[in-house]
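The two complexes that follow have subunit A in common; it is paired with subunit B in the first and with subunit C in the second.
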Partner chain A sequence: MPVVEYREALRQAMEEEMLRDPDVFLMGEEVGFYNGAYKVSKGMLEKFGDKRIIDSPITECGFAGLGVGAAMVGMRPIIEFMTWNFSLVAIDQIVNHAAKIRQMSGGQFNCPVTFRGPGGAAHQLAAQHSSAFESYYAHIPGLKVVMPANPKDAKGLLKSSIRDENPVCFIEGETMYSDKGEIPDGEYTIPLGVGEIKREGTDCTIIGWSKMVNIGLAAAEILATQGINAEVLDPRTIRPLDEDLIVASVKKTGRCVILEEGYPFAGVGAEIAYRISQRCFDDLDHPVARLTSMDVSAPYHRQVENSIRPTPEKAADLVKKVLYLG
Partner chain B sequence: MAQLLDMPKLSDTMTEGVLRKWQKKEGDSVDPGDVVAEVETDKATMDYEAFDSGVLLKFLVADGTTVPVGGPIAIIGKAGEDISALLASIQGGGAAKPAAVAAKPAAVAAKPAAVAAPAPASNPAPVATAAQSTANRAPAPVAASAAKADQGKILASPLARRLADELGIALRSVTGTGPGGRIVERDVKFASETRGAVPASADLSFVPPADSSLPSPVLPERRTEARPAPLPTAPGDQLIPLTLMRKTIARRLVESKSQIPHFYLTAEADMDAAMGFRQQVSEMHGAKLSVNDLVLKATALALRRVPECNASWTDEGIVRFTRVDIGMAVAVEDGLLTPVIRNVDGRTLGQIAEEARRLAGLARDRKLKPEDMTGSTFSISNMGMLGIDHFQAIINPPEAGILAVGRVRKEPVVKNDQIVIGQRMALTLSCDHRVIDGAAGAKLMQAIVGILERPMTLAF
Partner chain C sequence: MQAQEKLNLLKYYRQMLGIRRLEEAAAKAYSQQKIGGFLHLYIGQEAIAAGAVGATEHGDYFLTSYRDHGLAYAKGTSARACMAELFGKETGCSKGLGGSMHFFDKPNNFLGGWGIVGAHMPLAVGTAFASKYRGDGRVTLCFYGDGAVSQGAAHEAMSLASLWKLPIVFICENNMYSMGTPLSRTMSVEDASQKALAYGLERDRFEGNDVLLVRDRLAVAVKRAREESRPSVIEIRCYRYRGHSMSDPGLYRTKDEVEEYKRKDCLLIAERHLAGYGIGPEDLKAIDDEVKNEIEDAVTFADESGHLPAERLPDFNYVD
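And then the complex of A and B:
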């Protein structure tokens, strides 16, 4: 099986879909001539030309709206945000238009647009460029929210997102673009709404997505040296959530720790914890615990920024706490 | 500035301490580390060392006084200081002025004078300030387990509850190691794994983890099914609804078996003389005495001789009864009742026989009143008439013992180096090991068997 970088997996997904379907095009800042702000679309302008790989001005609201319009008349756009922080400038197009056009038009219009780009923090990008916005978009009926944690999931999920008839918010991770991983030979897709157990275990379910998956796996390694066997579950799609997978896991282990890069209040973890409390009430040995970023805007100073984020050590400590092991 | 010394909190579970003995006199000067007094807690007697240097200006309590944690016990300061304001504030009912009050922790010696089980001697406990000196404040982990008993509310995780239910373990009998005394899965697992392991001998070497700082049991193996599958039923199988009596029997006996550490002593009585005695009574007085009547009286007289077996465990102490009221197990349709014969040691055999018959009749007719069935200090269960050679009965809480009587067996025995026909009867005494140790149980058995083998002594 080939080993590729996360960014390469994404490119393969887009290229395959563009070869397969002439209505797919990519638009965003620096996607063409610059080969992509993070080199995700490297070589694609040369391959597909400037009618399908389109460099946009710095106008998120404008080109997001353009994507919505194009989707409404039958095209299948991929709209790239340089980071999801900038999607806030276009949030009206995403939430009030892409998400709602189908319902508001009584089904006359569809909006199969895929919004993609890196979400969450990188390093020292400070307060306005470091936020995790999946909870914002997962809140809205009419949107799907997808967050791959590795190259294999990135390629399979992006292909499915592009083919999906609904608007999809596809949130990548800036610090993951260089991550290498095995991907299956040949063409494959991964269905939306299906999670994956990244590590089987028996003593506690650690739920994490995107960057938190590696944190969870590292925490599980720490715990393994202490005789604790943690299960790591990656939902992969945030909305719709693979609730059955989560419930089966928590019923098995009796404990759950959620790792979240975002802020605590009304985060995705809060929704997951609620669902677990509904369906796993009698299976829980301890209330669902949550490790999120600290409830502060991201500082610029490196050590201070690092201190607000979940780490494997903090995650392992929290797992021990829900096991009443101090 | 004169300061109050308070009764320190020397263990998690401590709510009050006894100031056993002052080791200094009023007016003595002390340096940090000097032992000021001996303090007795629920776990051990420990030295209370001075934290500061100063003069012990006044002792507020005498030797032997019980003081709640945080209560003032002495005043320390400079020689000749005026402590009238401080004294007034204490007399004023505990609303002490903050300026006069020391808020620092008292240093506690790391070497207790007499050590009982797990005394966390390395944790100096913070002393409550005098602002709360009269209130008996027990902090969270302690209060929860005390409160749990007080309010009857048991803290347990949903998983622990479900597991306890499945395993048939009473939550009240499980010690919780979670926050606030919460019973969690491993506690129920631990209880289930260790319950069956109480040895018949006196040495109970395990203590359930009451302190969450003690090492906890290894993580239990995960059950992968939610519940064990019930036995499959077939047409013709019945589902018999639970009667109140059945539910009560179930509840009390589960409680007994899971909370009382049972051990069992068996002895055989040579019943030749006793059976002969019965025969004589029948011929002389025309009254029929059952073997059980003889056992009842023999047991009652024996309990007078070994009063430590006529007792009951309570959290405040072991109650020793002067009366001997014996519960007599009576089989009734679809169940079992235990009416009580009062004052067995004071009645004649004839009176015992009459009362036993009367109560058994009432039991079978279901005419027993609740007061007929409560207040026994000991119980006897006889399965001899059902052909049972010997058995082990389950103690009826809150009693400390029950005697199980088997049938009188005619069998070859050795007497004077000859094989002759003898009559033997097995008696098995179940004891609550918290109250009755092996030796005491054996003494009781020796007395019962001794009296039965010398039936004339029943006339006492």
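And then the complex of A and C:
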């Protein structure tokens, strides 16, 4: 199986879908001549030309809305936000337009647009460039929210997202673009709404998505040296959530620790914890625990910023806590 | 030519009268609580809808804000589908799910019906982008009000349309009041067509109560979009006789002002044109009766239709 970088897996997905379907185009800031702010779209302008790889001015509301309108009449736009922090300039187009077109029109129009770009924090980018906004979009009926944690998932999920007839918020991990991983040979897709057990275990379910998957896997390694066998579950799609996979895992292990990069209040983890409390109440040996970033805007100083984020050590400690092991 | 123009005029007159009576019936139904929420009437602005449809082809896309009934009706949505939508019935053009502000009609290329002021304008740029990408020859007409001119989305839309030379006509239906606030208090430059200068676009500006003039002047911009793929910014000065919506008591303008504009009513002007073609009061009465029947039928139809139950709503979240 080929080994590729996360960014290349995304590029393969876009290129394959663009070859397959002439109605797919990519639009965003620096996607063409600059080869992409994070080099995800490197080489695509040369391959597909400027009719289909379109450099946009800095006008998120404008080009996001353009994508929504083009999708309404049957095109299949990929709209890139340089980061999801900037998506807030366009949030009205996503939430009040893309998500609601189908219902408002009585089913006449749908909106097969894929909004994609990196979400969450990188390093020392400070308050306005470091937020994890998946909970904002996961809140909205009519949207799908997808967050791949490795190259295999990135390619398979992006292909499915582009083919999906609904608006998809595809949130990548800014610090994961250079991560390498095996991907299947040849054509493959991964369905939306289906999670994956990244590591089988028996003692506790660690739920994490995007960057938190690797944090969870590293925590599981630490715990393994202490004789604790943790299961790591990656929902992969936040909305619609693979609730059955989560319930089956928590029923098996009896404990759950959720790892979330975002702010704690009304985060995705809160929704997952609620659902577990509804369906696994009698199976839980400890309340669902949650490790998020500190409830503050991201600071600039390197060590201070690192100290507010989930880490494998903090995650392992929390798993031991729910096992009443100190 | 003359014979065709006479037929055109009769068609436009019928459309404008249809809108007028539809809106009057909607106002009445609202007071009977058959229609709820917001209701923004197009009364007084009818010539813009009829003129715009007269200047375009069936395949051209129309997008507008929430004052959408007149444009949808002129574009081809039946009175029945309009009234049923207003009453929230399943037989409405949006299956009763949208209501007054969200008329959609795919077969007639009426693409909404939008509630966030100015926010539909980037969508219109998107449909124009799709047309150019496909080379399908369609033009997008994007209607908005004087209130929308200040919105960021309006500028982003014009900026992109100009940069990428898209087949779109931006049409500001300037009825000179944003809800209760007059132009002088919302726009530093009251000529909304001047926004074209900022983006290197062609522009035009005229009064909107003569349907023939509206049609002919819009036809220039439509031709520019279709043949040269160049956008235009058009300001059409008009007037709404009723308030911004049903809950607006209209305290911000005088009765004299409203009466002054009614003397320039688009139906009166069209009747004068028609007289020149030998269409007299008896012919007009026949049209009036026909429209009366059409609208009464629409109200009955809407009254007798059922509505979608809540259990069906989740079906509309996603296409499977």
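Note that the second predicted complex is superposed on the first by the 326 of 326 C-alpha atoms of A that agree within 3 Å, B and C clash if a C-alpha of one lies under 4 Å from a C-alpha of the other, contacts with A are read in each partner's own complex, and residues count from 1 in each chain.
Everything below uses one rule, namely that contacts are C-beta pairs under 8 Å (C-beta built on N, C-alpha and C of every residue); 3 or more make two chains touch, one makes a residue touch a chain.
Computed from a predicted model, the values in this text were never measured in an experiment.
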Fit or clash between subunit C and subunit B when superposed on subunit A: fit
First, second, both or neither for A:226, with subunit B first and subunit C second: neither
First, second, both or neither for A:70, with subunit B first and subunit C second: second
Which of subunit B and subunit C A:252 touches, first, second, both or neither: first
Contacts of A:178 with subunit B and subunit C, given as first, second, both or neither: neither
First, second, both or neither for A:306, with subunit B first and subunit C second: neither
Touching partner for A:278 - first (subunit B), second (subunit C), both, neither: neither
Subunit A residues touched - subunit C or subunit B, whichever exceeds: C
First (subunit B), second (subunit C), both or neither touched by A:128: neither
Partner chain(s) touched by A:297 [first = subunit B, second = subunit C, both, neither]: neither
After superposition on chain A, the shortest CA separation from subunit B to subunit C (Å): 33
Overlap of the subunit B and subunit C footprints on subunit A, listed as residue numbers: none
Subunit A - residues contacting subunit C, complex: 25, 51, 56-57, 59, 61-75, 77, 92-93, 96-97, 101-110, 141-142, 144, 165-166
In the complex with subunit B, residue positions of subunit A that touch it: 202-203, 227-228, 251-254, 281-286, 323-326
Residues of subunit B touching subunit A in the complex: 157-162, 177-178, 184-186, 212, 216, 218-219, 222, 224, 226
Complex contacts: residues of subunit C adjacent to subunit A: 61, 63, 92-98, 102, 104-106, 111-116, 119-127, 129-131, 133, 152-153, 156-157, 159-160, 163, 313, 315-319
